[in-house]
Every structure is written in structure tokens, then in C-alpha cells.
Amino acid sequence: MTQERELAELTRLVREFSTERDWQQFHDPKSVILALVGEVGELAELFQWVPADQAVSRFSSPDRHARVAEEMADVLVYLVCLADVLGVDLGEAARAKLADSHRRFAADAVRGVAPHKP
Amino acid sequence: MTQERELAELTRLVREFSTERDWQQFHDPKSVILALVGEVGELAELFQWVPADQAVSRFSSPDRHARVAEEMADVLVYLVCLADVLGVDLGEAARAKLADSHRRFAADAVRGVAPHKP
Amino acid sequence: MTQERELAELTRLVREFSTERDWQQFHDPKSVILALVGEVGELAELFQWVPADQAVSRFSSPDRHARVAEEMADVLVYLVCLADVLGVDLGEAARAKLADSHRRFAADAVRGVAPHKP
Amino acid sequence: MTQERELAELTRLVREFSTERDWQQFHDPKSVILALVGEVGELAELFQWVPADQAVSRFSSPDRHARVAEEMADVLVYLVCLADVLGVDLGEAARAKLADSHRRFAADAVRGVAPHKP
């Protein structure tokens, strides 16, 4: 018996949730991206005024850790929803992208140097 | 034998990629969120001027489908990276959030009605 | 007597507000960008599930109009704050960018065609 | 003779630019917000891997200063475009918001303390 992959499981759960509420009608790609932007905004707000070097420790208490986990979950849920609407296999795409990045950024050439925009 | 869960596998791949390049030093949460914002921006740009009702079909050709999959992969990779830095179990958080949403939005009460902001 | 330009006036007001509260210490560029992202997220959330062709009319009632104006004001305030921190003349930059766009997108060549990403 | 306010002038320039190209047809609010998100993403990418305490100095060279000014101009242009589409007076909204913030955050009560999200 094959086990359901984790992102396929999440996709199924997100789809069931939407279907039961007849909410797929709202899930055109532009709308879902706006929802994703909203959740990324909430994630950003949690960190905005925290000094960079305290950002990890600040979110290590159980309640703050739960809070940031929840915002990140919201981002993932909308990303999974968008992938489902567009027929994208997120896990496969991420593995392909990482394989591509391995080729584009040879470890010996870029070690310790942040890739920067022009 | 237990199979590695998909998000744990992606986390391992992202961490290996960063470690080999000595790039973890750049991955404080605020920086990774800005990178995530950058990728969400690239995703948004793909759809900005496409009419809402053509957004799915417009990205059904192989090359455009590959392009949007790649941008979504970038978003997921930085989300996985952030989760690793903060010690968040993304899959667990997403399943918990969906279970919570099932309770908050009773299907019979919200069917066909978009939850809206005040 | 020269009149203070509007963006210079806003810059002065934002700076006075921050200075009186000793909040400039939090306004390094990365933090202000995260705050900007937070406000853009709130703006996106207002529109996420509204059908594209109803988005203008939906926000024409006085209270909704005030709500969207407030979110847009928040975006502008953080943009002005960031410009002040970086020493950018926003108005000048916008006029220069528009002049440049006039050259890059010749009206006769692009009329009615949305510039699209590859 | 009354002088045209700066944001009214930018609004006029943005509108003329769009009208000459027959691009207003693409400027429904959701589309313009996605374009705004794209530009905020480009701004975020400029800063993502720069250490927080070097972010100002890193963008003080003429070419980098011009680059960040250009990205900020793009954000302002789309914000002005959105305000025009929605009939929002951005300058008025920003002044009203700042006046409101003066009331909500009494200087003596919040001095030196970043307002944080729960």
C-alpha cells in the first residue's frame, strides 16, 4: 500500500474544506494570490519591529511559537490551494527547483557569499 | 521502515543546500521573509494583467505552467527555510489550522458565502 | 514664499510622529519594508474574495471607502518613512520613472496591450 | 493661482500615461494590487540578504540609490493608480491617518516602545 504524500494529503484536506463550504467559486488564481499576500503580510507584521538578531529567540515561547506557526500554516494553505487550482505539483516543483539551484549556484563558487540582485 | 514525510524531506534538502554554501548565516527570519515576499511578488506579476476568468487557462500551456510552478516552488522553498529556522513543523501546523477552520466555519452556516473582512 | 510640496509635508509629519515617540530606532529599512508588506497585506485582504468587476462599486459606500483609504494611507506612510530613512525623494523618483516609462512604452506600439512577463 | 498638489500631479501623470496607452482597462483594483505586490517584492529583494545595520549605507552609492529609488517609485505609481481607480485622496487619507495615530499612540505612553502585535 502506498502512503499518501504529505502535500497531496494537504491538498486533499484543503479541497475538502472548500468543497464542503462551496468556496471553490472564490478561488480563482488572482483571488487566492491576494489571500496569500494577506497571510504573508500577517507573518511580516509579527517580525517587523523585532531586532534581527532576536527574531528566533523572540518566537521561542510556546504562545508566540504557536502564533507564528499559525501564520505560516495560513501561507502554506493558500499556496496549496493555488497549486490545486492551477494543477501544479508543489512538492515536485520544489524538488526540481532545488535541483536546478544546485546546478546554478556551484557550492565552491558561492560559499559564504549572498547572491545579490544587481 | 518509516518513510520520510514530504515536508521533512524538503526541509532536509533546503538545509543541505544552504549548509553546503554556508548561506545559513543570511537566513535570519526577517531576511527570509523578505525573500519570501520577493517570490510572492514574482508570482503576483505573472497574473497581474490577466483577466480573472482566464487565469487558469492562460497558465495551462507547458511553458507557462512550468513558469508558474517554478515561482510557487520558490515561495515554498523560502517558507520551508523559515520554518526550519524557527523550528516550526509546517505540515503539522497546516493540519492543525485546517482542523481549527473546520470548527470556526461551520459548513452549514457559511456555504457559498465568502468570509469577508469588516 | 514657496509652498511645501505635499510629499515633503508628509515626510515631515511622519518624521515628527516617529521622533516624538523615539521610534526612529526601529525604522531600519528591512523593518520598514516588513511593515509596508503588512499594510499591503491588509489592503489585499479587503479585496481578496470580491469579484474583479465589483471591486470598485463594493468600496463606494462611505464606510468601506474610508476603510480602503485608511489601508492605502498606511501603505503610503510606510513608503514615505522608508524614503526618508534612505534619503529618497519619492516625488522626484516617481516623475522620473514615469518619464522613463513614456520612452520605454511608446503609446502607438503598446496601445491596448498589457505589458506581460515572459 | 493655486498650485497643483504633488499627489494630484502624480495622479494626473499616471492617468495620462494609462489613457494614452488604453491601459485603464487592465486597472481593476485587484490587478493593480497584484502589480503593487510585484513592486514591493522587487523592493524587498534588494534588501533581503543585506545585514540590517548596513542597509542604509549599502544603498548610498549613486547607482544603488538610484535603483532603490526606482523600485520605490514603482510602488508609489501603482498606489497612486489604485487611489485614482477607487477615488481615494491619498494625501488627505495619509494626513487623517497620521492625525489619528497621534491620538491612538500618546507620545508619553509609548516612547521608545515598539507597538507590537499580540
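Residue numbering begins at 1 within each chain, and the chains themselves are lettered A, B, C and D in the order written.
By definition in this document, a contact is a pair of C-beta atoms (placed from the backbone, for glycine too) under 8 Å apart; a residue touches a chain by one contact, two chains touch by 3 or more.
Given the structure is predicted, the values throughout are model-derived calculations rather than measurements.
Counting C-beta pairs in contact across B-C and across A-C gives the higher total for A-C. With centres defined as mean CA coordinates, subunit B is found 2 Å away from subunit A.
We define each chain's centre as the mean of its Cα atoms; on that basis subunit A and subunit C are separated by 26 Å. In subunit A, the residues touching two or more other chains are 26, 30-31, 33-34, 37, 40, 44-45, 47, 49, 52, 114.
If the chains shown are joined wherever they touch, the resulting network links each chain directly to all the rest. By the touch criterion given at the top, residues 26, 30-31, 34-35, 37-42, 44-45, 47-49, 52 of subunit A touch subunit C in their complex. Interface of subunit D with subunit A (complex): residues 30-31, 33-34, 37, 45-46, 49, 51-52, 67, 114-118. Of all residues in subunit B, those touching subunit A in their complex are 3, 5-7, 10, 13-14, 17, 20-23, 25-26, 28-31, 33, 36-37, 40, 43-44, 47, 50, 52-53, 55-56, 59-60, 65, 68-70, 72-77, 79-80, 82-83, 85-91, 93-98, 101-102, 105, 107, 110-112, 114.
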